[in-house]
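In what comes next, chain A is part of two complexes: it sits with chain B in the first one and with chain C in the second one.
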Partner chain A sequence: MAEFNLTAEPFLKGYHRQFDGVGLVEAVDLRIASFACPAGAPAQLEAQAKTGWGIELPAPGASSGSLSNQPLVLGMSPDQWFALFAGQNGYANDKLLSVLGATAYITDQTHNWVALKISGKLARTALERICPIDLDPNRFVPGTVARTLMEHLGCIIFAAGEDEYLLLSASSSANSFLHAVEQSIHNIL
Partner chain B sequence: MTQPNRVTGGLINRDAALGFSFNGKSMTGHPGDTLASALLANGQKLVGRSFKYHRPRGIFTAGSEEPNALVQLRRGGHCEPNSRATVVELFEGLAAESQNHRPSLEFDLMAVNDLLSPFLSAGFYYKTFMWPKRFWERVYEPVIRASAGLGKLSMLADPDQYDKGFLHCDLLVIGAGPAGLSAALAAGRAGVRVIIADEDFLPGGRLNLESQSIDGVAGSEWAAACAAELDSLDNVRCMRRMTVFGAYDHGIFGAVERKTDHLAESAGKPRQILWRIYAQRSLVCTGATERAIAFGGNDRPNVMLAGAARGFLNRFGVAAGRRIAVFTNNDSGWRTAADFAKAGLDVAAIIDTRETPRVSGPGDVTNLLGRRVVATSGRKSIRSITLSDGLRLSVDCLAVSGGWSPNLQLTCHKRNRPRWEERVAAFVPGSDPDRGMRVAGAVDGQFTLAGCLRAGQEAGIGAAVEFGRAAPALELPRVEAEGCGITPFWHVAESRGRCWLDLQNDVTVKDVELSHREGFKSVEHLKRYTTLGMATDQGKTANVPALAIMASLTGTSIEKTGTTIYRPPYTPVSIGTLAGRSRGREFRPTRLTPSHEWAHARGAVFVEAGNWLRAQWFPIEGETHWRQSVDREVIATRRSVGICDVTTLGKIDIQGRDANLFLNRVYANGFATLAVGRVRYGLMLREDGIAYDDGTTARLGDNHYVMTTTTANAVLVFRQLEFARQCLWPELDVHLISVTDGWAQFAVAGPNSRALLSKLVTEDISNHAFPFMACGDVTLCGKVPGRLFRISFSGELAYEVAVPSRYGNSMMATLMQAGEEFDAVPYGTEALGVMRIEKGHAAGNELNGHTTALNLGLGRMVSQKKDCIGNVLSRREEMNSPDALRLMGFRPVDRGEELSAGAHFFAKGEARNMQNDQGWLSSAAWSPILGHSIGLGFIRDGANRIGGEVIAADPLRGREVTAEIVSPHFLDPEGERLRG
Partner chain C sequence: MIINHPLLGPRDAAEFTYLGDVSLINRPDWKDAEAERKFHDYLYLRDNPAGEHRELWYHEQGDRSWLVVTRDTVTHEVKRVELAREAALAMGRGK
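After this line comes the complex of A and B, so read on.
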């Protein structure tokens, strides 16, 4: 078996490009897993998250933790969260399992999503062309997350900073998604 | 050519000249001009021909309501017909052509229609073209089609780019006239997040067209200062060249921003942007449109609206005529005379239908009160007018004002009905245009500048207060007093000639009278019968006078007669804008399989499967026909091993204490006994008992399953399961999440599939350790976690192996590398299809939304021991009749013949009609293993007719084949191969 080797390839080959006022980068080092709360047992899960990570589980649309202080937890629905880890080592579901154990239903999502980071003073202007969400920094404040559609593609948008957003979209249509974002940038410059 | 009608003043940049052409004739204008103002400046009064009678027409308005001055703008694929010259911003190199004439604008042979007008009255086409019947499509339709429409499409692909976008605000102010600017300033200064949009490239609305002053400065200067302040506010977005064309549900508005229409080249940037605006509150400040008076010959070139005439003078420095007369029934017409006189132009007379108007004109201008214009003369431009007292005046322009109609279209888009306001003789918005929508200014019947400024400011302050902001301390600007009196007057009854109402559709007063005589008295009928108010201008200058005439004919008030209401769009929106980026390759997103790059490098031919691109077959050197490739792939797979990317199948991760119960309810067959480490085929029914989807579900743990669905139904099934989980059985502990994209999955099929996989999988996958329908987590190449399922679509010993999708491309290469010693081949969807037909497996062709489990030969799978979706209705008698359709195999009696999918079955000797139809062939393929054509299809009572013969008739392809009914399992009916 030694003669065979499998290698992982980024969906967009590690795309990164700096436009005038907008940076666009494929985030290749994200590990993602979803976890859901068993019916009737939120207290156990909340306690486990508090103990293991020191965070409160966020409401839908909000987030807790951060990538630097592993993990960043995004509230996706009343009983479902996404946990994001930075770094290429280990598997996200293993990382979750070690903390949450049987208090949650865990599914690795790392390979479901392509991740793009868009940043810069014109990032919002570019996103205005494809994102139906109101990204006014006073409303979609850093730390906010939303599910939406961009150019017919399902997407999760997370405000990572005042002018910085993390976009997650289905990995099979990664090229179409990148094209949509690139085109938006091109159209506003 | 010089600009003979250019006079002093205006808001144009005279330091720069712009060259343009009209019908190939070179002309010049200035930045700040519209095409209409530049044409007038150059003395071009005749600009188009009317729709029906091809009468010569000139520029009638100065805004987006223009009915006459429609041109073909730009050339080649960039050409846009029906462009309104009054809103086209002039640019260097602009090329425009007039429309609707043969051969030329000046000499139009089609003007013969004008002579035939007695035969072409309103609704003539409802009474003609009736016979002979054979002329309907051969003669009448081609002739009518050739005559229809004004402009002509280039028939070339539009090379321009378009985009769309989303905007959000607290307050959307629609219109940047005096009311809109005042409102935006008040709300903006208070900190409200405001978007103010205006269709013009210069904010100000009528302030730019009038000579009135505000706070001691010209109205246009005041508007410019307001716009500058709004531009400086971070919380305000002042959007020029943007038309809000529709009001929709939940505070959503549609708008078109013309980004590069004013430039010669778009330079690869979007020409127009379709915006969806989400507004918590909206303020409609869309102003009003002047309307005409109907009198004989009122359609001649250079008969124009009085407000337009003074607008061209004040904004563009263009004198529409050197000797002008004004015909009015209201005070605003007098301003035209005053402005022309002030500019040193000759005003022949002010003709007012009122005996005693409370307004005064320039001292040296003749006032003819209580009189009417009854006729005009001139062919390609007006030369004279004749009044009701017989007086004849020589003029080269007649400015007409019949009053003003509020631009209330947006307030009607949610079915709010306008109400008649006698004070201004106009329809104004109804009391409740929409939740969150307000109106201010002329649109609300405030026809004085002071009234507009006050209403706008109050509305802006009101919005600020609604959003919890402190009302800014503002003073009302000072303006001169003005009159806005009107005595309604619609039609000069003593006119002998045709009195035009709708210039774009050639609708006259006589047409309205005919409509009334024939019983089409309702405003909706009037519109359809006469075409009043249709096409690009939607009758903005014509509707109210026509309704008034109908009211007088019926002897009722205008209020009781009512008005038609409006739908979006307010002004025309090009189809390209609505399409946005969704054209060509970008019509929809493309999904790629994880091994796409590998397949592409191998020269695979791809096929679209929904949004997916799938490898259809992999041609190799020497193969010249797809069948050669597919036959080779099938034979190689059945002989040794083949590999196919099946990632496109939907995958749903299902977890929860009640997951087992949940699956047992959504599948028709039993899942309660599925053991950990095992896979089961499952069939889903719709509520009505029809087969919905099929696939396999693997049990990975006590509370953990992964379901596969068909590629086509992946999203639908997920949605259905979420509906069941959230709405049907919320008490169950079940959680779903899609993992379709997360796992790259490959079918490895053929007698050597186990041997191949054994080289890559760490775990024991012998038949004993990993039997048919086993599943489990495995390790690949010693390090990568994967999943293995022993399932088979091909009928061979087969597996599906899954790895995290970033490893997919590498996995395909590795499988091929490991398979070299077995002569492994990649195979595509065609070979996949051939093998599943040989095996008798149903796919999308069979699960077509019309077939039942019984039809599919899966009737016994529908468990009667449990409740599940579709169970009850699947028991309906008709769905279980003894002679129900059954999925069977078919092969041509003459093995040299070829079956074709879609053929219908008939008994020999029976007519090929619906009554005798016995079923249809749903799938067909050439079997390289059997050496002849085979097919799957549905036929009545099929299970009892094995060995029988039927005619497979394919009238679309003109083919008939005698086919034998056989078992659907052409190959290995006992399943020995897949269990081996």
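After this line comes the complex of A and C, so read on.
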């Protein structure tokens, strides 16, 4: 029987470009899984997250942990979170299963999302054109996350730092999303 | 139109989809002796008030929550926004 070695290719082929004041890079090293709380059993899940990761599960719009001290957990709704791991080894759902076990409903999301990192002193200005979320640095502080629309495409925006944002959108429309963000950058330069 | 989400703050109405009257929460019991008549009323009979109206909105492009929005259909003023799960529990739904 023939043996095949398949190598996954990034959705945007590892896109990276430096504009004047804005850097735009495809994040190709993220593993993502979502987990949800079974009805009426938040205490067990919270306890497992506390024991396994040493973090409190964040409220919607907030985050806990970090990519360097994995995982980064994003609060998406009252009963659902996204967990992000850096690196290309292993499956995100396995990483969650080993800690959360049966206390959560876990779904691997890695290949559903394309991730773009946008950074630089004009990053916020570029995003303000297409993002309906209030990105005022006093309101959308580092660590804040929101799920919204940009150019009619659903996306998640996470404030990774000062003038640094991580954008997640559906991998099936990755090129359209990149085009929307690029166009927004062109419009301010 | 801006909907002030109880958990997430003000969000553009474009992130939401509209379902209809909040009475849709009160789905009849299919085992009820008058289930046929009650389901007919549930599906087809709606009030159409000029003024305050409670309605179900879904935050599809947000946290995927169902909300009960109290809106004035004359002025479009949004007077109150609640999580549908809490509104449903207050109406005696949910076990």
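Just so we're on the same page, the second predicted complex is superposed on the first by the 187 of 189 C-alpha atoms of A that agree within 3 Å, B and C clash if a C-alpha of one lies under 4 Å from a C-alpha of the other, contacts with A are read in each partner's own complex, and residues count from 1 in each chain.
In the analysis below, a residue touches a chain if its C-beta (ideal position, glycine included) is under 8 Å from a C-beta of that chain, and two chains touch if they have at least 3 such contacts.
Keep in mind the model is a prediction, meaning the values are calculated, not measured.
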item	value
Chain B versus chain C as contact partner of A:V99, first or second or both or neither	neither
Per-residue touch tally on chain A - higher for chain B or for chain C	B
Touched partner set for A:P10, first chain B, second chain C, both or neither	first
A:P78 touches, of chain B and chain C: first, second, both or neither?	second
Partner chain(s) touched by A:P132 [first = chain B, second = chain C, both, neither]	both
First (chain B), second (chain C), both or neither touched by A:P38	first
Partner chain in contact with A:A86 - chain B first, chain C second, else both or neither	neither
First, second, both or neither for A:A62, with chain B first and chain C second	neither
Partner chain(s) touched by A:R147 [first = chain B, second = chain C, both, neither]	second
Residues of chain A contacting chain B in one complex and chain C in the other	80, 132, 134
Touch list for chain C against partner chain A, complex	7-12, 14-15, 61-65, 83
Partner chain B, residues of chain A touching it in the complex	1-2, 4-11, 34, 36, 38-40, 79-80, 91, 105, 107-113, 128-134, 136, 151-153, 170-177, 179-180, 183-184, 186-187
Residues of chain A that touch chain C when the two form their complex	59-61, 76-78, 80, 132, 134, 146-149, 154
Of all residues in chain B, those that touch chain A in their complex	161, 163-168, 193, 268-270, 273, 276, 278, 581, 586, 588-594, 611-612, 647, 653, 655-657, 703-704, 731-733, 735, 737-743, 759-760, 762, 780-785, 803-807, 809-811, 814, 817-818
